[in-house]
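Here come two complexes built around subunit A, the first alongside subunit B, the second alongside subunit C.
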Partner chain A sequence: MNSISLNRATLGLPPALTRHAGLAAVLVLICLYLSVRSEVFATTPNLVNVLRQVAVMAVLAAGLTVLMAAGGLDFSLGSQVAVVVAVVARLLESGTHVVIASICGVLLGATFGLVNGLVVTVFKVAPFVTTLATATVLDGAALIAMKGQSVSAGGALTDLGTGELLGIPYLLLIAVLVIGGAAATLRWTRFGRDALAIGGNAVAARLGGIPVLRHTVMLYVANGMLAGLAGIMLLSRLGAASPGTAGLHLELTVVAAVVIGGTALHGGNATVAGTVLGVLLLGIVANGINLLQIDSFYQSVAVGVVLLVAAVVNQLRHRGPH
Partner chain B sequence: MAERPPVGLAMTATGPGEPTARPRPAHPDATSSGRPATPALRMLGIVKSYGGATALAGVDFVARAGRVHALLGMNGAGKSTLVQILSGAVAADAGVIEVGGSRLTHQGPRAARAAGIATVYQRRSLVPALSVAENLLLGRLPRARGIVAWREIREQGATMLTDLGLDLDPQMPVRALGPGSQTLVEIARESHRGGRILILDEPTASLGGHDAALIHRLVRQLAANGTSVVYISHHLDEVIGLSDDVTVLRDGRVVLTAETASTSAADIVSAMVGTTVVNDRPPRPERPHVPVLRIDGLSRPGRIADLSVTVGAGEIVAVIGQAGDGHEELFPFLSGMRRGYDGTVTLRDERIRPHQVTRSLRSGLRCVTGDRLGTGLVPQLSVDENVTALHPTARRPLMRWGHLRSLAGEARSRFGVTTLQPNPPVSALSGGNQQKALLAKWLSGSSVSACLLEDPTGGVDIQAKAEIHTIIEDLADSGIAVLLASSDTDEVMRLADRVVVVRDGRAIAERSVDDLTHDALTHLLLGGSQ
Partner chain C sequence: MMKSRILTAALAATAATTSLAACGSGSDSGDSDDAAYAIGFVNADSLDFHQCLEAGIDDQAQTVPVEVVHANSARDPAKEQANVEDMIVRQVDAIVLQTVNIDSLEGAIAKAVAADIPIFLTSVGGPDMAGVAGAELSDVQHTGEVSAEWLNEDSAGQDVDVAIIAGAPGAASDLFVGGFKSALGPHATVVFEQPGMFQRAKAQEVAENLLQSNPDVDYVFVPNEEMGFGALTAFENAGRSDIKIITNGGTEDGLEATSEGRFAMLVASSPYELGVKAVSTMVDLLENPTDEPVIGQIPTTVVTKDNVDDAPSYCG
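Let's look at the complex of A and B:
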């Protein structure tokens, strides 16, 4: 028995709650600190703004959590977003209908995911290498697509970017739906359980009749489609595609959020709740650095430190009774 | 470190595969008349127990310089514990170890090494990407002013190889060598590091005859140079051909120790097996032979050649071999885990292609691995999810956890999986319960018509073993064709109706269990001359 399971037993709480107690506590402490140091932090407009900003990251992180459950990894999601943003902006600029442009964006993401998935499964290239390579390609492709200059999306997506339903921004609603979908997939669908089985023991999964390769490709495609969706959301919020939007930098934040949430890189274990906490933590840290007027260079330092601490804590916890 | 003088004897390959051709030098130490007062190694009264189980109950063991001393025993007899104590990996509870007449005061791997005790385990400790010479000098690379002296490495490596009569290229990367040559390099390194007492743990296991002959020659060479070699092997003919002395362990005690020349294969076998083998085999019903599962001409180069076996409905057929032998190819072949086999599988007149896993599962073939956490179960997932993983009704697109729990309940009670918590991850179970969960996962469905069980009681306690044996008999009684791949003679004698013995990748005998005794089976397995 390690200390964590003992604590659970004594508290009598479901493991889903106690598992993230430490992360939640850190989040609460940071919130308290920020509300004391900044009058703006605890106001509704600021918090809604934070949630609007993390919505894109949340959509990507939710999908990545399921992929990582199956032992996969995708470093190219942020770069897929960058290309989708650029292409959809160009389509809108040239007068394409917003629905068609959006569908193109999602299909484009699906294509990227398909390429990643096929390289990983057919050629057995490590996901890290595959997606790092495609990320680099796509970062360049995004610049090519926008010819190195900002491309305005016009007003077609403004409704999505700024609109609200009962005071809740559309972007946040979409993110919540995707998160709920990811959590339900992992818990309630055969697809999600098979993903966990593949991540936990790919050989046993295959010998048990799970079509491991097909399943893995589908996960990469689903992540690509979510990257397409995230690209449209990001474009709706920013109003224009410009060089440096999204890309590898966004991706690193997304991976960091999932890892901080406690999902293991080697698969077999995943928690969407943890991912949500990780996303919120990184979003609030960024917001706080902004509000406290700390040099934004420190944001990267802060994300890195949080990631390192979370990784060490996870490692210590997994070491358990030995 | 002692540089050995070059030996003028040119070691040219004469006849592969014949370990018996040995020009045994009349060593001054070796004759029974003129034994020196101090043997190279003396172990006295070694005791070791784990928990309540006694692994070694007072073992005396003496090895002399210039001689090859074979150490034998069945699985669990205490060989590995003795070797671990000798190499310092494990501390003895009681007893004395003397090297060259002086008592070892410190225990531990460093102390053992400092005293000149070196061990070559079956698992290699070479660095595959480095050259032969670098591996030989690993950790002691010659340097000139802090910079690695490559020429020196080449020359020293080459000298070491010629000294031992080894025909290897010192600059060849180790990974380019065959398994036999890799073992040669490892033995040479340990000897060069000052191993005056060299423990070789089954160095020829899973090697072909030619490679084995090269290792035998090196071992004789080292003995001729004055090294004391402790040689662990399961191959009787190898032991008889190679060793000067032999010691047999059984249940943690020495039951035989003698000069090899003064004993015989039959003596060694009966010492290993013991006299009282209780046959607790319950009577099994006679039933007409209706072939269900047939494997024809299973082959894979270097591992198994042309194995054919048929299993009837309700029959238990065992394919038995020693650890590392061809019976271990059955699971990777039949389960579809590995490609690259020749051979056909037929299940009730239907041709099965093992690599199409889903289809062969649907046909009713189940292959249960001997490596439960490696290739059988998903350790992080719960017991319920693991044991229902192959149930068609549990494999709908949406999970029905209630249905799954009731399915799992049936499987658990039928296979006797007991847990303290309601539904823990399968990794939290004891070995015996994991093994039962493994059987439940693969065999609890109703559509099973034939199964392969690989080492079904590996690493479980005696009680769980007995329970699993009952489960397997129940499976057979329900009409399932059971193929058993095992290296455990007790288990095979207990369960099987028919036995196929595999040695060096070939089926050498097929017997009904009624025509077989425990001794005879062991004899076949160990390959003594009959």
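Let's look at the complex of A and C:
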């Protein structure tokens, strides 16, 4: 610990930077490799393309980071997104105004979050089990809402999905705002510190006067609302809801991004900066695989190896100060 | 405390009832009194394709009449096996199977053969068809070849760059892509080939990346319509209407996109007609059994914006 503190002092870098040096180094190495192998990778249009592609994942991952700080877990986020995408598309198809449809989407997400939060807190069911069960229900609900068919959202959300402000996609701006909000909540608000305390030791937190149940339910609701927002963002990009959109695959990607970033699965320790690096890593690897045209049979192997190396490197680095 | 126990018990009871109701997902249609035969139809999923297939089966069953016992495997190979076993227990005269995937076929066929119940496959067949009574199959390799032949004709000898957004790695996608590549002319070069996993969102992401790596691409071959729409959205979002999309399907939305020229070419087929054909062939086979399996191919139509009216009705 002393040597690490000394190194930090020598380098003069703030802990927030050195904490993720390992993961950042992996990311930089991959970017360098891709830049050498593909002349397109490091161009502005491609980087904007990648950032637009990861925006939905980033919104979900930012919320999940705060929830996991408090020892929670939500495996139903991807399925919540699937239902929101389906329902909002149906509303838009039936002529509902885009603002009302979007508000309905966010409220729907909040309802899913409330159910998860109440089951976890009132019935004391483990978050993993609760949210896996609700994810299964919601996967079916998404298919029911779509009646197994694609539902076009028309052009109502196209501006959101494709529009830019000073060259920055709206979707990316939303993601940055949500990430900033999550980071500020964890670092500077009492609610954020309470969440970390609950994740560290829920009993001690309750004895210390923190309203554990209320905070936990609020976190699940907030995650549900972000799933609603992410659903609207995804729909704006895709232009239609279709079976198989979002669901478990998206959920696993989000959880992977958060955990690779260094947030503890058991709570009490969370880092939004790490989550951002995890999201970028996954997005860049997916983009790089297409650019380099890696054979489809080897893609899973490539992604898995990168994730494993990143997680190990980050953990080695992460372990030092503790 | 007592209250929460009661609530827990009530929840458990509700869950158990729901599960039992879900387990009994089979349903009957057709007038069993007049029915000449009872056919068990095991469907693979509840998507557009499967619903239209089922509609074709039910409509044809009413004209014979045949009683149809339904079951749905919900994309689960294990559930498919259980559904086939249920049909055997119910002693249906024949089973029509739309399989979840090619790998779960063998067990299902073996069970039906052991129970001496003829089995008929729709759209997907296996490497060994010896045990089946008949099948009406989708020749995906031929679809790939037809797509490439249209491209050869459309590009009229010009040098063109072609991209392939394939499905999930595995039998069906490999056959589509293999057929397509084998029939491509010498002037067409495949410059990009990546999997879209048969998902619209993934195909869109891959198409966005394609625009970065190979912006000059002329044609994109996408083996199913859902992914075709994903690619189309990516191109339209980027303001690119010059890239010609070649895909396979035939839904109302797909035909509309073709009539507007947004899909350059669509290989169209009809799951409804597949259902009709499956029941009529199966009834023929029950009345006049054959030693060899009767295997047909689902007819396809090459559709461009000039002949959309020639496409078969997707859902009857």
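Note that in this section the second predicted complex is superposed on the first by the 286 of 322 C-alpha atoms of A that agree within 3 Å, B and C clash if a C-alpha of one lies under 4 Å from a C-alpha of the other, contacts with A are read in each partner's own complex, and residues count from 1 in each chain.
Heads up, the rule we're going with is that a residue touches a chain if its C-beta (ideal position, glycine included) is under 8 Å from a C-beta of that chain, and two chains touch if they have at least 3 such contacts.
Owing to the predicted nature of the structure, the values given are computational and were not obtained by experimental measurement.
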Fit-or-clash call for subunit B and subunit C when the two complexes are aligned on subunit A: fit
Once both complexes are placed on the shared chain, angle at subunit A toward subunit B and subunit C, C-alpha, multiple of 10 degrees: 120
Touching partner for A:38 - first (subunit B), second (subunit C), both, neither: second
Partner contacting more residues of subunit A (subunit B vs subunit C): C
Which superposed partner A:152 touches (first subunit B, second subunit C, both, neither): second
First (subunit B), second (subunit C), both or neither touched by A:286: second
Partner chain in contact with A:200 - subunit B first, subunit C second, else both or neither: first
Partner chain(s) touched by A:268 [first = subunit B, second = subunit C, both, neither]: first
Subunit B versus subunit C as contact partner of A:188, first or second or both or neither: first
Subunit B versus subunit C as contact partner of A:211, first or second or both or neither: first
Partner chain in contact with A:246 - subunit B first, subunit C second, else both or neither: second
Touched partner set for A:237, first subunit B, second subunit C, both or neither: second
Superposed arrangement (fit on chain A Cα atoms) - minimum subunit B/subunit C Cα distance in Å: 12
Residues of subunit C defined as touching subunit A within the complex: 4, 8, 45-48, 50-51, 166, 169, 192-195, 198-201, 204-206, 208-213, 226, 229-230, 233, 237, 253
Complex contact set, residues of subunit A against subunit B: 187-191, 193, 196-197, 200-201, 203-209, 211, 268-269
Subunit B - residues contacting subunit A, complex: 335-337, 357-358, 361, 367, 369, 373-381, 385, 389-390, 395-399, 441
Sites on subunit A touched by subunit C in the complex: 38, 40, 43, 45-46, 49, 53, 122-123, 143, 147-150, 152, 158, 161-162, 234, 237-240, 242-246, 286-287, 289-291, 293, 296-297, 299
